[in-house]
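Presented sequentially are two complexes of chain A, the first with chain B as partner and the second with chain C.
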Partner chain A sequence: MNFMASKQPENSLLGLESDSQRTLYVTCLISIELGSSLDVRYPYVTGTSVVALKYKDGILMAADMGGSYGSTLRYKSVERMKPIGKHSLLGASGEISDFQEILRYLDELILYDNMWDDGNSLGPKEVHNYLTRVMYNRRNKFNPLWNSLVLGGVKNGQKYLGTVSMIGVNFEDNHVATGFGNHLARPVLRQEWHENLSFEDGVRLLEKCMRVLLYRDRSAVNKLQIAKITEDGVTISQPYSLKTYWEFSAFENPAQGAIGSW
Partner chain B sequence: MFRNQYDTDVTTWSPAGRLFQVEYAMEAVKQGSAAIGLRSKTHVVLGCVNKANSELSSHQKKIFKVDDHIGVAIAGLTADGRVLSRYMRNECINYSFTYESPLPVGRLVVQLADKAQVCTQRSWKRPYGVGLLVAGLDESGAHLYYNCPSGNYFEYQAFAIGSRSQAAKTYLERRFENFTDSSRDDLVKDAIMAIRETLQGETLKSSICTIAVVGVGEPFHVLDQGTVQQIIDTFETAAEQEDPATEPDAATGQEAAAEQGTAADQGGSTDEGAAPMDI
Partner chain C sequence: MPKEQANWSPYDNNGGSCVAVAGADYCVIAADTRMSTGYNILTRDYSKICKLADKCVMASSGFQADVKALQKHLAARHLIYQHQHNKQMSCPAMAQLLSNTLYYKRFFPYYSFNVLGGLDNEGKGCVFTYDAVGSYEKVGYSSQGSGSTLIMPFLDNQLKSPSPLLLPAQDAVTPLAEAEAIDLVKTVFASASERDIYTGDKLEIVVINADGIRREYMDLRKD
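After this line comes the complex of A and B, so read on.
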């Protein structure tokens, strides 16, 4: 420590000793460099998990319709899956208004793409990569779009399914989920997913995931949509509910087995 | 004095509805050494004639790789050609950064044409003095475009630009109907034959031409000289049994230089003292 101090006299002059003080110092430096105070923004209305998987003819995606204001279940009919152009389907969890802004970006993108009128069109891979750039760019401005996005699509017989997080982490997979779905739905999908899922089996598998989420994710609501995208285009189901059974003994007094201070 | 009143700047119309400065720019393309291109369903081949500016210098590069799926051959002012191919490279790399997929050829060509068009409508600018044959492969197949200094662009099955390109065009017009189903190697052979047409007497050697290919499973690349020479030899020995490539280099060099003099005369209007457009 003494050796370090002797090598960095400016730090010892400021009397910076602990890590937390140093962090504060660095934070101030960043604020000065950006020419404004570093205000951290938090999401207001949020949606919870999106779950999606590849099946025989394309992609299936599920999301419930809840919009939470903090921990209050504030809205019950938020559509969190939208078609993007001819070949893509976007699902979002996280800040709803940020999702709406992303939809505006994509509307413009698809419009300008169509205006070329040359037979070329952006496929799911292109849209996914574009979103990755947008998300990462915004996080680099310390002002992320507070969403986890799932992008699925089919173009030229090629199925595509990928995800982007609010800080730009992105990947492709045969099945993806956001938020709580990562913990509760992915294990189910890993066990039961296979390449040749029929439409019916795919929907059943998604409903199984959504039911697990409904039971264990307190922000999930029992009103959901399932969207399908194939070579023929996008169809999004009407909202519907899952059958539930709450009479399990473990549900009756959930705090019983929990060791807590309350 | 006989002076054209209507050619002092690009934006001035002649009463006949012509823009002389733009036409002069197109003339610069005709003065450049020849470049040709032809395509099948799956491949596009570009070729050009390499002419050294003087006996003491080497020739300038006329074929540029833009991206893995696009390349250009130029005729006219090489400097302008390089600027435009740098622009094209930029557009390609930006597109693949954003979308992680190759820029459709047709879109790049439109952007390039729009860039050229602006120069025909601003009094403080000049048109680019270069014509570009753009070869590319995308989702919709293989494409060959010609971009003109006027801002016009055309898609072709086969085309030739530059000095004495008419001879190559005649050759291509005779044969283009078969190109669609041509194999890649036949396409390369036809490219070399078309280039030979523009030489007029000068012997065809790999040192005076460049050939480049792009196609399905084959990123844009320039064929190396050895390969081109091999292809030339196959039909050169078949056609004639004179004395192939035995003359000393110096002699052919002089011959080429002499040829260049006459080439300039035929290609356009320059005499020895004038600024050489034949680059």
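After this line comes the complex of A and C, so read on.
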């Protein structure tokens, strides 16, 4: 660590070297300044994409139930969407244990808010903002919560949908997705989403996204839940699977037309 | 278990370009609304412009989470200022505060590239331009962010600011009328979004003059 830090020319923090070098330099400096070793860890059990969208009456969110241990599909019944308070719904991809820790933080937050007993309650905007600060604070300590979170909700007729990443990057949009969903689901959503989606059309659109992910994301599994939040509260569906079709001739004999030496 | 994640970094570059132009009695501050990471567009409608005081506006690109933290910090500092002095902070004062705030984190910097624009105490337009660790300079116009390499030389060519070495010191404000400055800003963003993949979707323009603050929008390339 010391060696790396002292190797960098003193006045080149900005502009000259690449981002990764700069990060390393800053990283080394921090560990020297604070006299602590780096705290960054890596994830053990992870969940893959979450996809969510606004529809006519609220928010719809989908996530599969796989929990991967590296590339091993270790758990097959992980609930990755949970209601938060009265007006919010949280979905998570990334480290499952970190997600459960976040749920504990939120439970306490909602409980203490409830104890004021003043008839006020935290809405999705407040919960999202809280999560934003928690994630950013942990990245500042070089000990991130290894998740991408999606927060949806409805309060006072206002729909809300936002997301936060591991390092605190956050935004709102009409539809959001995490991880692979950013590559595979959002193009579909950008093409087909509109303000007045009915519940049925919203579910159909989410299922279309989840099917694309199932075919192309190796850590996705065919067991998913769809959650809905409206002014009336949260409903999370029972786990179910999507219909798939694998009988294409190219799937049956993938080596045909690509003859190798073996 | 083998490590599959790429090395963790506390930073990201979410792209975007910012421009500010000062005139005799106005200031134009503009930024696009695209937010990206790598080759992904995260959202097409994220405002990079933040109103810090009545006559002071900041546009920032770089790492969104740091930018948000910086904006919140400055908003809190400005609230304290109002309680202590019962007035709005002036633009040059905010400029110094921003510099100090950035330098305070010199060894774990806010990865944010800012331009600050507004009116000074005489009602004249002013622009301040920064690097991530707080070096700053008062100028007549400036550009920061991913498209700044395309925009800045174009502004130099069109506006030809007087050399800061001239004696007696020359005024840095541009000779343009307000409407001309807005047109110029629209042109530079339309051009930057042709070549810079991190600039696009929509342009947000904030105009500050004696009447107050006005906002307008223009569509940019979405590809």
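The rule we apply is simple: the second predicted complex is superposed on the first by the 217 of 262 C-alpha atoms of A that agree within 3 Å, B and C clash if a C-alpha of one lies under 4 Å from a C-alpha of the other, contacts with A are read in each partner's own complex, and residues count from 1 in each chain.
Just so it is clear, a contact is a pair of C-beta atoms (placed from the backbone, for glycine too) under 8 Å apart; a residue touches a chain by one contact, two chains touch by 3 or more.
If you're wondering where the values come from, they're calculated on a predicted model, not measured in any experiment.
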Query raised in the report: Just chain B (first), just chain C (second), both, or neither: which does A:173 touch?
Result: second
Query raised in the report: Is A:118 in contact with chain B, with chain C, with both, or with neither (first, second, both, neither)?
Result: first
Requested in this report: Could you look at A:129 and tell me whether it touches chain B, chain C, both or neither (first, second, both, neither)?
Outcome: first
Query raised in the report: Taking the superposition as given, does A:69 touch the first partner, chain B, the second, chain C, both, or neither?
Result: second
Requested in this report: Of the two partners chain B and chain C, indicate the one touching more residues belonging to chain A.
Outcome: C
Requested in this report: Pick one for A:142: touches chain B only (first), chain C only (second), both, or neither.
Outcome: second
Query raised in the report: Considering each complex separately, which residues of chain A are in contact with chain B in the first and with chain C in the second?
Result: none
Query raised in the report: Which bits of chain B are touching chain A when the two form their complex?
Result: 97-101, 104, 106-107, 110, 138-140
Report summary line: Listed in rising order, the residues of chain A that touch chain B in the complex are 116, 118-120, 122-123, 125-126, 129-130, 133, 156
Query - Contact footprint of chain A on chain C as seen in their complex - result: 1-5, 7-14, 35, 37, 40, 42-43, 45-46, 63-65, 68-69, 107-109, 131-133
Requested in this report: Mind listing the chain A positions that touch chain C in their complex?
Outcome: 13-14, 19-20, 22-23, 26-27, 29-30, 33, 40, 42-44, 69-71, 132, 136, 139-140, 142, 144, 165-173, 182-183
